[in-house]
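For clarity, chains are labelled A, B, C and D in written order, and residue numbers in each chain start from 1.
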Amino acid sequence: MLDKIGIAKRIAREVRDGMYINLGIGIPTLVANYIPPSLNVVLQSENGLLGIGPFPKESEVDSDLINAGKQTITMVCGSALFNSAESFAMIRGGHVDVTILGAMEVSQDGDIANWKVPGKMVKGMGGAMDLVASAKNIIVAMQHCSKEGASKLLKECSLPITGIRCVKKIVSDLAVLDVLPQGGFKLIERAPGVSIEEIKNATQGELIIEGEIPEMIF
Amino acid sequence: MINKVVSGADQAVHDVTNNSTLMLGGFGVCGIPENCIQALLKKGVKGLTCISNNAGVDDFGIGLLLKTRQVRKMISSYVGENAEFERQLLSGELEVELIPQGTLAERIRAGGAGIPAFYTPAGVGTEVAEGKEVREYEGKLYLLEQWLKADFAIVKAWKGDTSGNLIYRGTARNFNPMMATAGKITIAEVEELLPAGELDPNHIHTPGIYVQRIFQGSNYEKRIEQRTIIKD
Amino acid sequence: MLDKIGIAKRIAREVRDGMYINLGIGIPTLVANYIPPSLNVVLQSENGLLGIGPFPKESEVDSDLINAGKQTITMVCGSALFNSAESFAMIRGGHVDVTILGAMEVSQDGDIANWKVPGKMVKGMGGAMDLVASAKNIIVAMQHCSKEGASKLLKECSLPITGIRCVKKIVSDLAVLDVLPQGGFKLIERAPGVSIEEIKNATQGELIIEGEIPEMIF
Amino acid sequence: MINKVVSGADQAVHDVTNNSTLMLGGFGVCGIPENCIQALLKKGVKGLTCISNNAGVDDFGIGLLLKTRQVRKMISSYVGENAEFERQLLSGELEVELIPQGTLAERIRAGGAGIPAFYTPAGVGTEVAEGKEVREYEGKLYLLEQWLKADFAIVKAWKGDTSGNLIYRGTARNFNPMMATAGKITIAEVEELLPAGELDPNHIHTPGIYVQRIFQGSNYEKRIEQRTIIKD
């Protein structure tokens, strides 16, 4: 099984040289820590920055420089600042190569639910609906099952959805899965120590297993 | 050049009436018009509809106007952590309309740019799409969304000049430039007000044509919501 | 009768303090020379400038600084530069207070034709269609009649039109006329030495004459 | 940062093929990609569709590509004074699509911003409206117009950095920033190419994400169409 850091590390392996990446709040933010320094990638913050750097030192803190999670940040060399309309023009226009975000549920058709739980206070979708409707490649970081053990990889989402047919890949605590264009979760890798049986039991949607499924090596 | 300078926040918001629709710049509490929010508090206008990406925090930003119950409706993408907000929402005192952030930004731009409607993919197949026209372009589905305008747009910039030209700083830019275009009256408060000609015309983010009133604000707190740091 | 400079001078009197103005090519460009210096106005150039200044001295010529007529210009103090999409956002959004442009024909409903003559090489509408569809106040500078003596203030335009129901005021070589919202050319002033009879004969569309019509004084 | 630098104009346009659709920045001959136009001439690709506000003059700018008959179609708002252009148009060798300037600018922006269609008032009631949907908003009529995209967008900036960030100068900005967003491949030629980090992030007009290739051009003529001066 992977912990949050394990999920972040595994997602970092999906990153390729030259990519522009939008990282959501939570586990996705951690991904930045595990991208090999040999790769030149640029992190986009939808509140108006290309080129997010590390968190600042105390002496560098600038209240005019935050990420979409409202955390203080720095800028890397070669950054660019812009307004929110331009930022989402960039996202909607398909210029961001990959979006990594969290999910509460994903369906076997690639629908994602991550913004609203009926009965709970609704805080809003922020930029998530724009991101999932626009990005060419969407990778989801999530827990395979709820605390109660119910699968979150479903035939159909039960929660109000954020976007349809958009998720391309899932990295969960149990496995890496591709969401196939024709539907279905195709098992790609098992998390360390996790059996195919366990993944089968934890996946309510259609699970596709072809050939040997390797265990991740870190 | 046309002079847009007013004496301060009180004069800038003097004609904001009850039940006005306001746009307020900022992302979280970054780049918000602190001085004008204080002047609106003091003025006590009620029944406001506030278009703003967020709703501030309990004791800062738009949160202050919520506490005094001056806001009837929020139009936002994310309303964050705000206990009073939650109480008013659950009790039905406050109305909230949630809009995807990119759609919100583009609808405001459209309002300023004279574009009554446009197609966007955000929200297709979700509850945001309810009642909206859907159309397919190049094999993908899009929703028709309409422009947003306001009686007053209240923005915060870093530097401004007497003819209303504005330059923002860092990610404090965010929604401010679009909002500046979409108000019947646009009010800009700036950290530094300069004579016309002191800003490089090539670096201006908001041309003065959009701004009706400008003043140099004071006592900026510029609060930080999430102070994340690494060791020195 | 007014010559081109006379028309420009008369239009300049329509300018009020604090206006943002777009001036078309030809006579409208001349208007800038006759705006009283006591008025603070800003001239917009649709290729991306607010704050057009006078033509440059030889030593000031800058190939990166032209107006929409491709003439070299200067910038006044407090100018702002922007791209073409922003420029037309400004125009379309109604932020420019008045647009002054030339016309080949105007109808009594305020339709304007100024971009195309069938049988002649068509060069394009440039920004004219955007300007006439967007501006709150459109003032036309034109000759009342063609060289052959045919009226250009018509019941309906005979040439392909540039925009519908948009012209608010006309300053011709013979007269100043308001185009009424319900239709009709309302005579406001006569050019020096021009009789009402001459204006009647030169106007094919509905001419509305109420009370005394003063002669312009310069 | 990602390095976008190529050796020069020839390398930048190496994969432009016959019948490609190109966007070319500039207004008149102000802010045009002079070096890339020369490289396209040298390369001799034919059947090009050029989206550009104007068509250059007889012996400069896109006029050069017209003379060598490399252009099949122009999409422009104003095609100006160009004798060879006129000859080809009248003889049917060249196709021309005329679009109102503001609509052209906004359609290109829409192409880059993932907005497939939008409503604009320009052209309502004229021949531009033929075959287009018309809709009324707040008592005014608007046309539905679609996005424009291109295989290659070729732009000219003043300063650029190795990661593709661009700053334009004066009115040479014009159509360049929108076009930079709307090409499958965007090529930027700049007067001065700097290391990443040398440009102030707050002053950048085109963020590097839009630019795939950048190089420092040379021998800029920067011709003036109408040299209007007053006495010294």
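One rule holds for everything that comes next: a residue touches a chain if its C-beta (ideal position, glycine included) is under 8 Å from a C-beta of that chain, and two chains touch if they have at least 3 such contacts.
Computed from a prediction, not measured in an experiment: that's the story for all the values here.
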Checklist entry - In terms of C-beta pairs in contact, which of C-D and B-C ranks higher? => result C-D
Item to check | Furthest chain, CA centroid comparison against chain B | outcome: C
Next on the checklist: Based only on mean CA positions, could you tell me how far chain C sits from chain D in angstrom?
Outcome noted: 29
Item to check | Mean-CA-position distance for chain D and chain B (Å) | outcome: 33
Checklist entry - Roughly how many whole angstrom separate the Cα centroids of chain A and chain C? => result 55
Checklist entry - Between chain B and chain C, what's the gap in Å when you average each chain's C-alpha atoms? => result 36
Next on the checklist: By the touch rule stated above, which residues of chain A touch at least two different other chains?
Outcome noted: 49, 81-82, 88-89, 91-92, 134
Checklist entry - On chain D, where are the residues touching two or more other chains? => result 106, 109, 113-115, 120-121, 168-170, 202
Checklist entry - Is the way these chains touch best called a line, a ring, a star, complete, or other? => result other
Checklist entry - Mind giving me all the chain pairs that touch? => result A-B, A-D, B-C, B-D, C-D
Item to check | Parts of chain D lying in touch with chain A, wherever the complex brings them together | outcome: 1-3, 109, 111-115, 161-163, 165, 181, 196-197, 201-202, 204, 207-210
Checklist outcome for this item: The chain C residues in contact with chain D across the complex are 45-49, 54-59, 61-73, 81-85, 87-89, 91-92, 111, 121-130, 133-134, 160-164
Checklist entry - What does chain B use to touch chain A in their complex? => result 27-31, 53, 76-80, 86, 89-90, 98, 100-106, 108-109, 120-128, 158, 168-178, 205, 222-232
Checklist entry - Where on chain B is chain D touching in the complex? => result 106, 110, 113-121, 135, 137-138, 140, 142, 146, 167-170, 202-203
Checklist outcome for this item: The answer for chain C against chain B in the complex is residues 17-18, 20, 40-42, 44, 49-51, 75-82, 86, 88-96, 134
